[in-house]
Amino acid sequence: MSLIKFIEILAILVGAFSGFIEARRKRMDPVGIFTVAFITAFGGGTLRDILLDQRPLFWVTHQEYAILIFVLALIATPLIRTLRHIVSERMIVIADAIGLGLFSIAGVAAALNAHMPLFIASMMGVITGIFGGVLRDIVCNEVPMVFRDGKPYAICAFVGSWMYLLLTRVGAEHDLALWTSALTITGLRLFTWKFDVRIGP
Amino acid sequence: MSLIKFIEILAILVGAFSGFIEARRKRMDPVGIFTVAFITAFGGGTLRDILLDQRPLFWVTHQEYAILIFVLALIATPLIRTLRHIVSERMIVIADAIGLGLFSIAGVAAALNAHMPLFIASMMGVITGIFGGVLRDIVCNEVPMVFRDGKPYAICAFVGSWMYLLLTRVGAEHDLALWTSALTITGLRLFTWKFDVRIGP
Amino acid sequence: MSLIKFIEILAILVGAFSGFIEARRKRMDPVGIFTVAFITAFGGGTLRDILLDQRPLFWVTHQEYAILIFVLALIATPLIRTLRHIVSERMIVIADAIGLGLFSIAGVAAALNAHMPLFIASMMGVITGIFGGVLRDIVCNEVPMVFRDGKPYAICAFVGSWMYLLLTRVGAEHDLALWTSALTITGLRLFTWKFDVRIGP
């Protein structure tokens, strides 16, 4: 299995896992747990593809991920209980930061492929990175966390998206631009988390 | 009027009616009542068609249903008061169960037509059956009922969707597969309602 | 700058401004303030274009508006404080009413271009006019204002949309039909606001 495939699965699982936790906190039943996990994992990319009018959607061509989340949702309660002893908050934040970087840059690249102007492409990167969590919070009847906690989450995605746009524009090698930008997002996110940087009012 | 047309209208009216009740409970004005009823009746099929990139939407080619809901919304308050004396909860649950069966299977069939893989097709069936109510609850600022009440509603749609997929795969006659599966969903829903079966934590 | 361009920008700014205020009331950070303002300004037209399957979206071909809202979001807090001394509620209501008229009629015209039937076209007009605010309220975890306050907001858009449909159908000159209808919406909105007309239960 290639590294990028591994990170992809990891990022989807982290998204699904945060959906599991939020759905359980809201005392949802297995149907709710699956749906919220699915929306958290794929909501951002799906919204981007609808806005860009791109089909097929990622989870349509890779139904194995939907099946995986389905199976995990069935065992979500014992799964979460077990994982609590193994997985620390630090590990979740790291995996989530890796996913944020990878998916945001994938979002920018998809937008450039669809001939979006630069600022819109950067927005598509951020949407891909954060709207899974936004839709999760809307379904769970909360004001989206990422809009109110003052932690630079979307901003990290925004900065990295622009780095990618600039690097590709000055003619940098594509893979280099992609990995540098994705790692910048991950690094920024972990740095600001570590030192509890806050933005806003 | 054919039987399927009659059931279709009945199912849409039941969807709209549940929207009326929820919108009134939230003290909405006629604009809200119409919108919530419309979203409840057509939200599931519309979301499915957006995900599948199918156009025109059902309610665009059949604007008579939108007009019907509009007229009913204007008289929603006296209508609900009158119907309360005539319509029992049992009748609503039965009509809703028929609608759930019919719309879920219609959703699976639409997904197969659009060449979706099997698991995604079953998800599209469930989405068609339940997301009208999910969107209604989101607009009404509630955690969606179908995700939290522990009653096997989506699960009935899921089981019937797979029955339809398996029947068409083993070469069953199409109409037979459709009606058997839709009736299975309706039957399962009524059975689990009657005996108050619960799932989940 | 042409008059219509000026009104367009004004209407977008008013939408964004109402997003700023609502996002701040919910104590959102700059990311939330930008997103909510953006959704309020462009949500209605975007939903309409997704339902009609029209691309590119307005804000994709006019990224300057997205950039403008981005810049304003950065200075939203001092901006709102300053504007409070200059801008009265009356001015906001007037600008919003102008925007409601213009965008609703633009929505009807887009729906007719996409060969929608008449009632659906009138709904698309209303959706374009009001769903920015609806989506703003959903993201901010409120029951949408326009569905519950009993003030004839959507109804003004509905009446004007039908005026436009009838005028174009009887062969009125297009620009005349557009401006008469848009002004009717604006006028109705201001009249019902001035005299505090209420509808509903």
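Remarks
For reference, chains read A, B and C in written order, and residue numbers begin at 1 within each chain.
Basically, contacts are C-beta pairs under 8 Å (C-beta built on N, C-alpha and C of every residue); 3 or more make two chains touch, one makes a residue touch a chain.
Note that the structure is a prediction, hence the values are computed from the model and not measured.
Fitting chain A to chain B on C-alpha positions gives a rotation angle of 120 degrees, to the nearest 5. Two copies of one chain, chain A and chain C, touch each other, and the residues they use overlap weakly: the shared fraction of interface numbers falls below half.
Work out the mean CA point of chain A and of chain C, and you get 31 Å between them. Among all residues of chain A, those that touch two or more other chains are 50, 53, 138, 141.
Against chain B, in their complex, chain A makes its touches with residues 23-24, 26-32, 35-36, 46, 50, 53, 55, 57, 59-60, 63, 66-67, 70, 77, 138-141.
Those residues of chain B whose C-beta lies close enough to touch chain A in the complex are 50-53, 116-120, 123, 134, 138, 141-144, 146-150, 153-155, 199-201.
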